[in-house]
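We just call them A, B, C, D and E in the order they show up, numbering each chain from 1.
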Amino acid sequence: MSLVAILEQALNGLIVSSFYALAALGLAIIFGVLRVVNFAHGELYMLGGYAYFLAVASMGLPPVVGIVVAAAALAAMGALVEWLLIRPVYDGRADRPEEYSIMITFALSILLLNLANSLFGPWPRRPEPLFRGGVEIGELIVSGDRLAAAGVAVVLIAVLLAALRYTWAGRAVRAVSQNREAAAIFGISVTRVGMLAFATGAALAGLAGALMGPVFNVVPPMGVIPVIKAYVIVVLGGLGSIPGAIMGAIILGQVESFATILIPDPSRALAYKDAYGLVLLVGILLLRPQGLFGTKERRA
Amino acid sequence: MAQLEVRNLHAGYSRDIDILRGLDVTARESMLTTIIGANGVGKSTLLKTIIGQLRPHTGTIRFGERDMRDVNTRDLVNLGIAYVPQKHAIFPEMTVQENVEMATWAFRHEKPRARSAVERVFERAPYLREFRSKRAGLMSGGQQRLMQLELALMSDPELLLIDEPTVGLDPKRAGQIYDHLRRLVTEERRTILMVDQNVIAGTDVADYIYVLELGANKLEGTKKKFDEEYRDAISEWLF
Amino acid sequence: MMHEQLDISGLVKRFGGLTALNSVDMTVGSGELLGLIGPNGSGKTTLLNIVSGYYKADGGSINFERRPVLGHAPHQLARQGIGRSFQVTKIFRRLTVLQNMLVAGLSDGAQSQSEATDRAMGLLRDLKLERLAHERASSLSGGQGKLLEFARIMMLSPKIVLLDEPFGGVHPELKRFMHDHIRKWNDSGVTIILISHDMGSIFDLCQRVVTLSYGDIICDGTPEETRNDPAVLDAYLGDHHGAA
Amino acid sequence: MKLQTLRLLGLGLILLVFLALPLLLGDYWVYTITIGFYYAILAASWALLVGYIGRISFAQAAMAGLGGYASALSVQHAGLPPVLGLAAGVLVAGALGFVIGRLTLRLHGAYLGLTTIAFAEILRITATAEYQLTEGSRGLQVEPLLQDGSRSEYYYLFLAVTVACLALMTWLLRSRVGLFFQSIREDEDGAASLGVNVTLWKTVAFAISTAFAGLAGGLYAHFVQLITPSMMSLQEMGIVLAMAVIGGFHNVVFAALGGVSLQVLLEGLRELGEWRLVVFGLITLLILRLMPNGVFGTVADVLTDRLRKSGDDK
Amino acid sequence: QDAIKIGGIAPLSPPGGVQTGESLRDGMIVAVEELNANGGILGQPVELIVEDTSGVPEKGVAAFERLATAENVVGVTGSAHSAVCSAVGPVAQETNTVFVAGECWSDSVTAAQIPEVFRITVANSLVYSVAADWVKEAGFENIAIISENSDWGFGIIDVFTENLKDTGATVTSFTAERTVSDFTPQLLQLKRADPQPDLIVAGFTGSNLLLMLRQAYDLGLAPSPETAIFAAGADVLEPEFWDVMGDAGKYVIGNPAGLPGKPDTPLSRSFGEAYQQKFDRPANAVAMEGYDGVMVLAEAIEAAGTTDSDAVEEALRNLSWDGTRGTIFFPQTKEPAWAFQQWPEVPIFVIQYSEANQTPSEAEILWPKSQATTDEIVLKP
């Protein structure tokens, strides 16, 4: 393989990583606060894609506005879901909060996916991207929509990281995730933070869907694969750890990019593409059950 | 006149079962009031009802002018109330420093106040300094409890509600805590309502004592009255 | 007739830069009732966690009845007769109180279900928990949880019991019950290591007291010796000698 | 005691209804309910794992698929009779369950859930990609279990196996093992301190549960006579999950009833066309939210409550 | 008056190819409406019952079961997934219900030689040998096939490899899951390959086919002067293709098993109009198969004069009916195996879009030579 070819694959891997990271971010935040793995995240992502499509293609709004619309719509949706379905997880109404949260979000994902199938129909849609055309970096060509999505993703990730670390809202989010009772005693509104976190997570899913829609088409099952990658990433990085999620995304992007072309049997190499990350995940968990960046707990 | 008054309180964990059955308790201003009673009589339940984790079935709870029946736990700090629950309430995955900062949440926008509150903690509890950048959940049981007591004091509460202040603390530190609570009452004129199983020490620092039995009042009186009249009742438990 | 039942030598445990146990040597004879005290963070719970298999050691060795302890899983040690309680209770919240007891009673397969139930009910009666036998453990008060945990280990019929702060939040009256039980247990030959900050209980119950401070044993002697040891006074008791 | 007899009576009644159904229904519904039995075993096996030992797995459908493939392939290549093929399926699924249980010992909650998704997807992708062996997504033709078996013969066979499986599970969970499972679910460290072999039971629970899934998958494959990787998909897993939840996943019998009744409901909703799955998702969501013990669980709770009350009155 | 029931099966929910499924179903609907408008079959009204297969064989089997045993349909048509068509064959036989397979191309559907199974669409061997002829004629030398790992996908690879064996052309193939949506690593690899392939065959369906085409275009790989791209999935025939692809759809090559208006008969024209009017979109090969499927069944019932299954089956064997795409009949030859009850004269075209937003009928026909609308064997951008 020539150097250019290697670079090209690495670059593609990086771009894909930023997509994965974007899809995973919201998941990590929601888990971070509510200790809920949002199994409906892929469907929220898909709804973000449709919101963007409706805003840009049907209402004729400019793409930038479309992205904002998608994020806002999904934030509202997230708040609603949190209020209606998620709240029993932490207000003591659910007898088995952990299982409840897993099952309720899984059920929600079934509902949303089928609802989208019925409402939007099977046809893929391709809304106008933020940028069109190709960008040439030396000999490497990257298409504009991908680069735009990747760029926005990187910026978003940076902003979010800073927000979590340096703003009070971010700290409140972390505090609530660790001890709800203590948070309430110190004056934090647990329900508001819970809703904020879920709405933010959903908005991030929506953003990801809006940015990815023009790249991978807007279609009801569009969230299924990315969300599995997102799971892999957040688990790789340690659930709830944002830097972990980013590392996880980078690793996964490169593994998929290179494994697909390095495995000698080309047919198998591609057939197993979606399995590489899963195998990696299983491998890493066996060595470090808390993920790459997760931390151990005191036992007794 | 900010005293806490609980009148004819009925409360519990499910609507149809009263754990507290007509309880009357008053935490008088600038006094340390201690509640004692057998396990499961409802002491913690009383505190949880006062701070709004449980809703009273009937009865009244007043703090000064404020009707506390529909209070939300998150508003406690603003009302000048701090609460230390029986089980640990800290943020285990945050560092000690971050825990201390989180305790200033309610007045985070008053920067000088928040800053000095943080500084005071580390002055008062130098041992916390060593653990400043260590995750709080990794400290020993007693260390966590101590930190939690410190956190509760940061907001300069008028009323302090403490469920078992010294469980897990070594005798030296327990003694210091009792001294400190005493000082808060006598020197800073704060009001404290605490539950304590450490009957001797807990009543020793108290101004006023309640004894509960099965969700209702059994005995009450000033420390003096207790020392004089109810010694026997207490020693019956002890020996 | 006493022999060395638990033999700890050169035990080291580090957490990152912090040395929680600094080459601890200690032997406990069969049938002893030993108090383990020390300031907060001195390493008591850590020691217990290692002896009962929850933490790995960074150095040293432990033998229980001449068999090595390190490298064995907690349940194996429990079956070999090492029972323990937890400073922060670990009760099975969604099981009933009785079921909590039965787990301990049935885990070695030696008792039938009805035998175990009878024994459990007897113990619950002693600890005033009988009324709650069929309630979920999540509805116990803090002190009742402690009692349940105590009762649970008794079901296990251990040879040595490690109790971590068993009296925390327990009412004096029931504490007396617990004292009686601990003595009875001990009289029947069970070795007991008692961690507690309740000096009354320690000095009342124990023939020998070991004091830890910053991972080192600073005193090992009778209650009398311990009470008057200047190092212990300075590090642990302060001026409130046995206030509790 | 009275409660116990009534419970038995109720179960007997349900069994009678199932015994009578083929006499009342046409071939198609008999076929549908037979498939419902497959889901019943699968949902019950999942409830065994999640409800009792608290280990969430999303690999149950994949395990059924594995059992199906193992059985079908061993019949095809090793020339085993289908009954032995089934046994092979049970063994293979149980063995892989044991391995997964062992590997994921230290994981719980969401980590475990996500890791089992990984295993499930790896299995499904492998079944699709190893075309030469499995015929990929085209599907593998499978020997019938009964030569020239009629619809009702299959029905009664499946009913018998389902009842046997449930009896076995119930017996296991009523024994001390069930208690150990639950103690592990509540607090692993606490259970270990009382001598419960946490490692062993967690692994065994996984293996038992997947072995049942493997059996269900094998039966299904030899009944439908066709098996494809889509049987191992997460979508399929979602349906199994919904069945257990709707029935009540705290109890294997309720979960199983959920399996049969949802299969029937799903067929009954065919009129709705593409909205069928929407309605289905909505029902699952509502039941989870409003009746966390599931339909049958809630009904049983209410009935028990009534009985207790009326008992008190006397 | 009892209605005569005709069953349809089509993928109407994922993971099936829902787009194709809907076209197929809509074609059937047009046929049934036309039949009823003309007085039904044997004087009885016709009822169409369409079941969803999700493109999954077991579900297809269940759907067929239901149609045959619960609805008692006279015959079933449709499918759109080879795996489903193959899977329902044995059920058709068992329930003695005829099945007229539409839009499933794997050889194995008819190669099983089940007496109840007839096919009115192409077999892979039929279509790709035609496509292979075109490839030979065009002189492509390095061919890369990326296809889904389904019966149909593997079939494409097999037939191409087989037919181009003796031409000296190299055929490289990759297969992937139906759900893979990012082909960039492979496409980059192809782009850097030496020599770069001159033809890429995209053996996918649905959104993923469009994604692959799009990604190849964005990377500047194909369609380009060096590399042509051949999209095997039926999705390139739908108008929505252009919504998604825009200009990137220009110069994409497709191979429909029939083009509306070819042959230019009154029936093919009237069907095209009725379809356009009812569904507000142009008909395509798949819709024509849906229509033909129902009509073939109706003809057979009419010819048999009864709904008795054996009689209908016999009537199908002897059928010769002028459908939208030519005269349909089912030879009884068993050599090669797939030719049994396989309509041999399915029109097969290789078309290439020369402008954006063309319908398949407006595209240039490259092959068969006799029908070609351009002299070029392949158009280059």
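Simple rule for what comes next: a residue touches a chain if its C-beta (ideal position, glycine included) is under 8 Å from a C-beta of that chain, and two chains touch if they have at least 3 such contacts.
Model, not experiment: these values are computed from the prediction.
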item: Least hop count linking subunit A to subunit D through chains in contact; value: 1
item: Centroid comparison with subunit C (C-alpha atoms), farthest chain; value: E
item: Rounded Å distance between subunit D and subunit E, as computed from the means of their C-alpha atoms; value: 38
item: Rounded Å distance between subunit A and subunit E, as computed from the means of their C-alpha atoms; value: 37
item: Subunit B and subunit C: spacing of chain centres that average the CA atoms, whole Å; value: 28
item: Rounded Å distance between subunit C and subunit E, as computed from the means of their C-alpha atoms; value: 75
item: Sequence positions of subunit C contacting 2 or more other chains; value: 45, 54, 86-88, 90, 94
item: Residues of subunit B touching at least two other chains; value: 138
item: Residue list for subunit E, restricted to those that touch at least two other chains; value: 13, 15, 149, 175, 177
item: Interfacial residue positions of subunit D with respect to subunit C in the complex; value: 176, 179-180, 182-183, 185-187, 189-199
item: Touch list for subunit C against partner subunit D, complex; value: 52-54, 73-76, 78-79, 83-86, 90-95, 99-100, 102-104, 106-109, 113, 152-153, 155-156
item: Residues of subunit A defined as touching subunit D within the complex; value: 31, 35, 37, 84-85, 88, 94-96, 98-100, 102-104, 106-115, 117-118, 224, 228, 231-232, 234-235, 239, 268, 271-272, 274-275, 278-279, 281-282, 285-286, 289, 291, 299-300
item: Subunit E contact footprint on subunit D (complex, rising order); value: 26-29, 31, 35, 125, 128-129, 131, 136-139, 141, 224-228, 230-231, 233, 235, 267, 270, 273-274, 277
item: Interfacial residue positions of subunit B with respect to subunit C in the complex; value: 13, 37-40, 43-45, 86-88, 127, 138-143, 146, 163-164, 166-176, 178, 197-201, 236-239
